[in-house]
Structure formats: C-alpha cells, structure tokens
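Next come two complexes built around subunit A: one with subunit B, the other with subunit C.
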Partner chain A sequence: MSGVILTPVEAAGPPIDMTGVLPDRLADGGRAALAGLMLVRGKGRHRLDALFDLQDGGPAGALVLRPGAAALDGVGAGMAAGEILVEGDCGAYAGSGMRGGTLIVEGDCGAFAAAEMAGGRLRVAGDAGDFLGAPLAGGTRGMSGGAVVVAGNAGDRIGERMRRGLITVHGRAGSLCGARMIAGTIAVGAACGPELGLAMRRGTILLSQAPEALPTGFVDGGANDWLFLELMRRELTDGGAWPVGFPTVGTRARRLVGDRSVQGIGEVLILSKA
Partner chain B sequence: MLMKLAGGRIYDPANGRDSAVGDLFVQDGRIVADPGPGAAPDEVHDLTGRVVMAGAIDIHSHIAGGKVNIARLLMAEEHRAAALASEEPCGCGGAIATPSTHVTGCRYAQMGYTAAFEPAMLPSNARHAHLEMADIPLIDTGGYLVLGNDDLLLELLASGAGEEAVADYVGCMLNATRSLAIKAVNPGGINAFKYNQRRLNVDEAGPFHAITPRRILTALAAAVHRLGIPHPLHLHGFNLGVPGNAEATLDSIEAVEGLRLHLTHVQFHAYGVEGDRKFSSAAARIAEAVNRRPNISVDVGQIMFGQTVTASADTMAQMGNAGLAHPKKWVMMDIECDAGCGVVPFRYRDKAFVNALQWAIGLELFLLIEDPWRIFLTTDHPNGAPFTSYPELIRLLMDRDHRLARMAELHPDLPQHTILGSLTREYTLGEIATMTRAAPARILGLADRGHLGPGAAADITVYTDRPDRRAMFEKPDLVFKDGRLIVRNGVVIALGAGRTHVVEPAYDPTIEAWMGRRFDKRMGQRLAHFRIAEEEIRGGNGLVRHACTPGAF
Partner chain C sequence: MRLNGVHIDDTFAEAFPMLGTRLVITADTPAWVQAAVLSMTGFATSVIACGCEAAVERLLPPDETPDARPGAAVLLFAMNKAELAKQVGRRVGQCVMTSPGSACYAGLHDGPTIPLGNALRYFGDGWQIAKRVGNRRYWRVPVMDGEFLCEAATAVVEGVGGGNFILLAVDRRAGLAAAQAAVMAIREVPGAILPFPGGVVRSGSKIGGKYKGMIASTNTAFCPTLRGTVPASLVPEGVESILELVIDGVSADAVAAAMRAGIGAVVGLGAAGGVVSVTAGNYGGKLGRYQFRLHEVMA
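Up next is the complex of A and B:
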C-alpha cells in the first residue's frame, strides 16, 4: 500500500487548518476516512476531498502534502506516529503538540512549529518562524521531548519554557532564544539574537559564536574541557543535528551560567574552534 | 403582528400564577391582554402541557469588562480548544469559563435566559464594558458600578462630607458610567492592599485616608437609599474565602441598620472555624439572619466541580488564592486606582474536602433561606462555575435524591460536616420561576421584565416538563426575546441585539466641579471624556432607563 499525496484544489484563499489530517487516520480508516475529514478554512467547514486532490504515492502509509501556494496551518499537529512529508512550505503550528512520528518539511515553517511538542521528529529544510518549540498561547510549558532540526534560520523565542528534547538550528536564531527554559538542549550554528537565555532555570544552549555581550544575569565560568561534548557530537552528527558551523573536533568550551537573577543554573556553552 | 401562545402551564409568580393553564398574546414585542374572540392571531404556538415562564434573568455574572477580558487572554488555551463552535448562526468563538461575547449570548439564550448583568464594572473600564456588552447577542445586559475603593470616594469621606455630598458623587458616577446599580467590593480592603495590607477588619481604619470599611459600607448604602436606586447596595463582603468570615458577613448585615443590602456570592462569605479542620459551614447562621431581616437579599455563588477561572476586583482575596492557581498562572493588577483586578484560574475538585464543603454550604444556603424572592440562583460566573452549570444546579435544588446521590460521591468526610443530608426541601417550579425571573426583575427595578402580565416585554421561555430537571432547563423548546423566536429545541435559530438597562438618578451637579479638578489632577482622562454619551451605548439604540424613587426603598 502506498501513501497518499494531497494537493490543494484552490491555492488562493484563507489558510487551511490541517489539524487531524494524520497518518493514523489513513492507517485506521483508509483513504475514505481521510477524505471525509472536516477541515476549517476561513469561516467554513469543508470535507478534505473538497479542498484537496488525493492521489496514491509516496512511502507506504505516509501523507505527502504539496501545498504549492496554499497556506496549511497545523500540519502534523498532535501526530503520534507515522510520517508526513511536506513538499513545500508550512504555515503556523507545524508539528505542534506532536507526540511521535516524523514530520519533514522541505520548505519553511511559520510560527509555533513544534510548540508543546512531546516526542517525535521535525525536520525543516528551510527556515522556522517564531516560537519554535515554545508553549502555545495560554500554555505554561514548551517542548517536552522529541527532536527538531532546522537547516535554515529560526525566529524569536525558540525553546521558550522548554522542558526536555533537542532543538538544532543550523543558521541564526532570533532574540530570547531559550528564554525561561526549564531543561533540554538547544544548539545554534550561527549568531543568536539579544536576550539569550533570559530567565533560564536549567538546560543547555550550545553556540559556536560568543554573544556580543555577556547575557544579562549570566556569569562567565571560563573555558574548560568537557568530555561529554565528544559523545554528544557523535550522537548529533549521526542524526544530522550537529550544526554545520560547529567544530568537528575538540572538547573545549567556554561556559556561561545563568540566569542568576532567577537562581538559574542553566548553561550556555560556546565551543572553541579547534 | 399578533402571536398567541396557547394552553401552556404558566408560571408567573409576579402575577400570582402558578401552573395556571392559559393563553398569552404577544404584539409588537410586548405581552398584551387577551384581545377577545374576534381577534385572529397571525401565529399560534400550541403549548398544551408545556411549562411557560418569563425569560430568566441572571443578576450576577461576569460577562464583560476589564477582568473578564484579561481572564480570556490568560485562558487562551480554552479558546484554542474550540476555534469554531458550531454551524449555528453564531458559528464563532468558544471557551467555557471565559466565553467570547457571542458564545456568552448564545449559551444564555439556549438555556432560556434573556438577561444577564455584569456585576463589577469599574468606573474607568465602563466604556469598554459597555462596548463588550453591546457585542453580546440576544440577551439584555447592564452593569453595576464598583465603588468603595476609589480614591475620590475615600477622600470625600475622609474630608467629613455629609450624606448628601456622597449621594451626589455616587449619582454623578452612575449617570456618567451608564450603570444600573452600585456594587462595593471588599470596601476599603482593595485600597488597603495597595499599602501592602493583607486583611482589614470591618472596624479597622484603612491606611492613608483612615476610613473604616463600616463607614464606607454605610455611606454607600445610604447613598443608594437617598438616590432611590431600585437595586440595593450590591455587596461583595469582607475576607472572601477566609474561614471565620461569617462574622464579618453578619457584621455587614448589622452595619446597614435596616437599609436594604444585597449580599452577593454569600456562599464564599459563610465560613466558620469549627471542627478539626478549622473550616466549617456557617450557612445556618447566615440563613437565620437573612430570614429574620426582610431588608437583606442574597445571591449564592454556588461552586460546581471542574475547571474554571476566578476573576474579581478583590485583589486582597485573590492575592491570597494565587498560590492555588490551576493551571499555575495568574494576573494581579491595579486599575486606575478605582479598584483592583485579580484573575486566578482554579479547579474545584469533588474529592477535596474544602471544595466539597463549599459546594454543600452553597446548597445549605439555598435550602435554608426560605423566601425565594430574596435569594438568587448564581454561580458568580465564572468564579464558582461557568453559568452553563445552572441546569445541573436547578436539578440539585429540585431533586433531593439526586442531591444525596451526588453528595455520596464527594469527599468521605463531608457528611459529618454538613446538614445537607437532613434537608428535605425541594424547590418547586414556581419557586424556581420566582428565583430566576420575577425576583431578579423586581430587585433590579425592571418593571417590564421577569413577568408575563400585559405590558411586559415578551421575553418568554417554554419548557417540556421533564422529571430530569437538568435536561429540562438545559434545552428549552422555545425562547422568545422581545416577541421574536430565537431558540428552538435548545438551538439558536436567529441572532439579534439585546438592550442595556440603566438608572439615571437625580443629583446636585455642583459636585462636578470638585470631581473635575480631581480627575484633571489624578486620573487618566478628564471628567468630560470619562462620561459615556447616550449614543455610545449600542449606537444610541437600546438604552432602557428605569425609574429611581428617592426614599421609596
């Protein structure tokens, strides 16, 4: 059995809320169950097969989305298992609340990608917007598990209130990266914006470039050798999650500890070029 | 157009009808007398065997204004959970404890309510509250103005101003904010909180102005009496939620010395300190005091189990509760030195002793206070529970077996701490009609609402008499608003605008010179801008004025 390829019938118009369009649905009820899903687009509710053309194709059991110019929100939101491949860009909430499975986006993602994610994998070949791995509006916790890899740049507040899991951004990150972080790991390959780790309690942020100024509330612990970096590099390199700008050998890193203004003992590790 | 509602069992306590089989006639949005055999109605509804009541009126429900909106923002996850509520005419909005304006109006109408009143409109928030109330479809609204912690009143009292000057100030504020009544929230306490005090007794002088809460309370009750405002002073009392606060509640009843006083969400103010948990029911004492004094009325503020959010101007009480927030997030703020604002999400748990006893205390009050004209059905939405739990609450009042069955599911220690099990009273349909229709209209001074006599607004609800009272009150067969059918079988079929009810008491405008100077110096806007013009209320369409009769009440 092959997968299903979904192509929007009409690209122009308000975003389509893809919540509930999941590989589970295909596995449980087949194409008919998928086609009969009711989706919200703008003010109206429509059957999925009124909004999308369905064709067989792609890996077995997987959903392949070809959004073209259409805006698709909530792709893979709440996904527990299976695979979704997006051959284009996603709107907001891609992979938000994901618990398992794999979501691969060949283009860019909007805001709140992987927000409140609890497990699974999200890979973005392009850029990600603000609130990557952050809490959803009204939520009190960000990402609590799983792994996110962004090949391009990411926006503001990535990993805010994050509790567990990994976020790798190969490019730049915006302001307030790791703000109010509780635990977990963030790696940023290029520069980070201002207010790095603001009110961070615990957790680890890995950088290869020192921030322009010591972030407020952090103390400088100086450079040391950290053997665990060797293990981490191997692990992340295998998963494609070791940022391209990071050194490929050596275990030396400068460690900033904070945010002391909230009694935080989180760390920012700035890896030394070998 | 003449409409005939034929053969229903009419419950209309204001006109002495209790299950009287008869016809109602409606013309141009009003109930009219029987036009005689010659008249040919354009529309006839056969209501044989059905229960017919006026549209219900909620006298205390936080549905608009500053803290309500802050609660919506804080509880964003509630709104996210239901982005598009349904396919009905009002297919938008969501949430349960913090519903959007559209959902508020539609859910009330679906339960047969045709009016709900916002009981805590801060002066500086009044314009916003009115804009929001105008956005609530289907039901009538109005706001009670919060005074008692505003710096101007406290300064006035501290300067030794007489009863007349206080009444002028209150009258001016009521007119300027287009309000229906006066509410006092923990008078003096919110102001004291701003000086870092965590409690203030009835006879303790507050900081800075050195005024006692008793003085503020009596001054406001006297002002209401002097201005002739139909609704008595609406008092959110002292030490909300604190064990032992029943003393302060009884004190408040004494303090007004025979003037009319409405104690709101009295369940939260009826706690004793007996028992090994130092938390007990004082419902019997409060009920006894209320039964004895015809000048006192109460609404209960029943709690029901589940997730809700508490929103109150009482920052002093809310700061104390902030540690109990569930989910763990809260907002505490001042609003223009008028009062405060505290929003704390909360989940009442049926297995928790304190919550179970709160539930029992509320029901004890309902069952022990004898006169249904002086006790009102509220959950202090959303503080005790969302208003959508009213049908279940009505069932608890009308069905003792259900009450006992529910009680058996709660915390095991509850039966030893409440007399609820021994109370055999069951509310009748007539008493429910009094408590939710006739009495609220009467105590708010709404002469043409809450009854089905000729001249009344044709706000009518029709139910099927089901033994399961919850099912009955959840889904009325028909709801008419101003003679227009808006709900059929519990589903909204037409949208429309409600009205805004206000009073405009006469006062001596010379007070405005003094007020104007204070506004210029201290407030965020001038008195002239603070004043809300008639055209600002529902675009000048839908303001209903109610008569004030100085000295009559």
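Up next is the complex of A and C:
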C-alpha cells in the first residue's frame, strides 16, 4: 500500500484544522476512511475530499501534505504511529499531543508545535513559532516525551513546563526558553532571548554561547567536565540533533544552576570549544 | 582420550545456574580503570563466602565504550537476583563511584533489570540529576572531583557458574605454566570469566568436612601430599601439582567455549610441558543443572 498525497483544492481561505488526519486512520480504514473525515475550516465542516485532492504516492502508509499557500493547523496532532511529511509550511499546533510516529515539516511551523507532546519525533526544516513543546492554552504540563529538532530558529517560551524529552533548536531561541521547566533537555545552537530558564525547577538547557547576562535566579557553578555530554553528543549527532554550533569534541562546560528563587536545581550548560 | 600426550579424563564438570550482569567501567586512563575494577572485583572468588563471583571480562579501548574513554567489561554472578543487586550496589558504590574520574554503564540491556544508578543516586543527597539519552536513563551524582555518571539499571542474564577443569602436572612449575596458558586463552573468550586469583584455584574443595559447620574443606582426593594417606586419592604416580580453573559465563555455550580454549592451551603444551592429565570436578551429577563432558567439549 502506498501513501496518500493531500493537496488543498483551494489554498485561499481560513486555516484548515487537520486534527484527526493521521496515518493510522489510513492504515485502519484505507483511503476511503480518510476521504470521509470531517474537517473544520472557518465556520464550516467539510469532508476531507472536498478540501483536498487525494492521490496515491509517498512512502507506504504515510501521509504527504502539500499545503502550498493554505494554512494547515493541527497537522499530526495526537499522532501515535506512522509518518506524516509536510512538503511546505504548517500552521499552529503541528505535532501537538503527539504520542509516537514521525512528523517531518520541510518548511516552517507555527505556534504550539509539539505542545504537550508525549512521544515520537518532530523535525522542522525551517523555523518554529512560540510555545514549542509548551503546554497548550490552559494546560499545566508541556512536553513529556519524544524529540523535536528545529533546523532554524524558534520563538518564545520553548519547552515551557516541559517534563521529559528533547528539544533541539539549531538556530536562535526567543525569550523565556525553558521557563518553568520541570525536566528534560533543550539544546539551542545560537543565541537565546531574555529570561532564560525563568522559574526552572530541573532539567538541562545546553547553549553554545553564554547569555548576555546571568539569568535571574541562577548562580554560576563554574566550569567542569560533564561526561554525559559525550553520550548526548553521540546520540544526537546520529539523529542530526546536535546543534551545528556545538563543539564536536570535549565535555567541558560552564554550569549555571537555577532557578534558585524557586529552589530549582535546573542547569544551563554553556559548552566550551575544545 | 589422549591429546598431544595429555590424558583427557572421561568425566564432566558440573555447573550451576547463576544470575549475572555485565558492567562497563570507564575512567580517564587505563590505570584508573584498573584501579576501579580491581577493587570492584576483589574478594569475589566464590559465592560461598563472597556473595558473588566477579572478574574482568576484557579491557575495552575508547572506541568501544559509551563515553570514548578507556574501560573494562566486568561480569558479576550471584545465586539470585536480590543478592546480585546487593553486590552490584555495594561494589559499584564503594569501589567504582569512589574511584577518581570513573563512570559505570550497563553492559547488558535486554531482559529483567536490577538497580545500578537507581540505587546509588541517593548518595547525591537531592542534588543528583536524572538524564535520559536516547532510550537509556542515567544518574549524574555530584562528587568531589566533578560528577559520577552511572546508568540507572543493568539487565540480568541467567548464566552458568562453576564450569571447571583440573590439570594434573608433574610439578608445581609445570602446573602453573599450563594453568597460565589456559588463563590467557580463556580471557579471549567473550562472556566468560575466571573469578579466582589470576584465574587459577590451588585450594579446590569438597563439600563438607570433619569439623562441624564447615561448608567445604580441602579436596583431599586431589592433594598430592595426601596420596597414599587418604582413601580414594585421585593423584596418580608422578603428579606433584594440581590446579583448577573455575569458569563462570553468561551462557552454557560461553562456558563450554572457555573450557575448550583453556584445555586446548594446556594440551598445546602437551606432555612435554609436564601436564599428565586433565579432569573435571563434579558432584556425581546430582547437584548441578549443567554438565560439561570433557570429551564432548574437546571433540
């Protein structure tokens, strides 16, 4: 069985909510089940095949989205298995609540990507918006598993209230990166915005360059060797998730510990060039 | 069976199921690896009195260790999972964590597990950090030279303990030379260890003894100095020295391969090397689940 390629019939118009358009739907009910899904666009509910042109193609069992100029929200939301490939940009909520499988976005994605993600992999070739791996609006917990790799830059509040998992941003991160973080790992290849790790309890933020000022509530623990960085480098390099700006050898890093204003023992590790 | 002039007795080694695990210990230099693993595997010759049997399986070059530093693979065996967990926790805690620059990783990942870092993390007094890398979980415990990195758990395998063979030589020098040749050969076999000092036992034992409370006592049948004194002595004329090699392995195949390698090395020296015969220790086949027949091993 080949995959299915979905191309919007009408690019102009309000965003299409892609919640429920998942590979396991294709695996369970075939193309017919997929075509009959009801999707929300603007004020109306429409059959999927009224909004998209469906063609066979792509990897077996996978969904290939070719959004063109259309805005697609909730791509891969709640996905548990399989693969979705987006040949373009995504709107908001890409991979939110994901529990497994792989979502590959060849362009940019909007806010709340990987929000409350619990498993699986999200790979974004372009930039990601705000709230990457953060809680959904009204939620209390951010990402709790899985891995996110953003090749470009990311917005504000990435990894907020994150509990487990990995977020790698090869480029810059906005403000409040790792705010209220509970655990897990965030790696940022370029500069971070202000209020890094605000109210962070545990977890690790890896940086290649020191923030302009010591983050509020953090204390400077000095430099040392951190052996786990070698394990992490090996693991992440294989998956293309070790930021380009990070050193390729050595385990030395300066450690900032915080946020002590909330009794946090999280850490910001600023990796040293060998 | 006679190989290169050495008589191979038509008997078998009797061995027992044991639970084992493999740990990978790394450090900054090979010398510090040795320091850690020698300490960790010390007083681990026999479960009878030591709680576990342990030894270095092989030394590892940096490209074979998780953190790209020199290391060693260590195998530990005990009679049950609880005892193995206790021994692993104590030995890693007292001998590896204390050794400068060390780190400890699981060497087995499939099957049921026992705590490794999960038991030692409390030493961090609340400052320890759990870190997941890929599918594995580690504990980072702050210590005085930086941080002790330890994998959270290690898998347990049902192995075999007590594989053995006994070599009878014309004198002590010939016996020791043959035993050392066997040790060198067995150390090349993956999945098997020789838990006794230098890999060799000179005080083989029999079950019980004349004194109350003795679990084991000297193997009088194989004591050359008691030939003619004890009934049923198994020491032939012309034999002055007898040494035993005890082998534990992660599987029966590993033990058999180790026995084959060791006996093969002894036979390689031949009768000209002063080895008269090779036999094995057993309890009549009534106690151990595994029997390694020497003729089948060397077939």
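The working rule: the second predicted complex is superposed on the first by the 274 of 274 C-alpha atoms of A that agree within 3 Å, B and C clash if a C-alpha of one lies under 4 Å from a C-alpha of the other, contacts with A are read in each partner's own complex, and residues count from 1 in each chain.
We adopt the following convention: a contact is a pair of C-beta atoms (placed from the backbone, for glycine too) under 8 Å apart; a residue touches a chain by one contact, two chains touch by 3 or more.
Bear in mind the structure is a predicted one, so any value in this text is a computation, not a measurement.
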Partners on subunit A (subunit B, subunit C) - clash or fit: fit
Which superposed partner A:138 touches (first subunit B, second subunit C, both, neither): first
Which of subunit B and subunit C A:40 touches, first, second, both or neither: first
If touched residues of subunit A are counted for subunit B and for subunit C, the larger one: C
Subunit B versus subunit C as contact partner of A:202, first or second or both or neither: second
Overlay on shared chain A, then closest C-alpha pair between subunit B and subunit C (Å): 25
Of all residues in subunit B, those that touch subunit A in their complex: 74-80, 83-84, 87, 91, 327-329
Residue ranges of subunit C in contact with subunit A within the complex: 66-68, 103, 126-127, 129-134, 138, 140, 146-147, 149
Residue ranges of subunit A in contact with subunit B within the complex: 17, 40, 43, 45, 136-140
Residue ranges of subunit A touching subunit C (in the complex, touch as defined): 164, 183, 185, 202, 204, 224-228, 230-232, 234-235, 265, 267
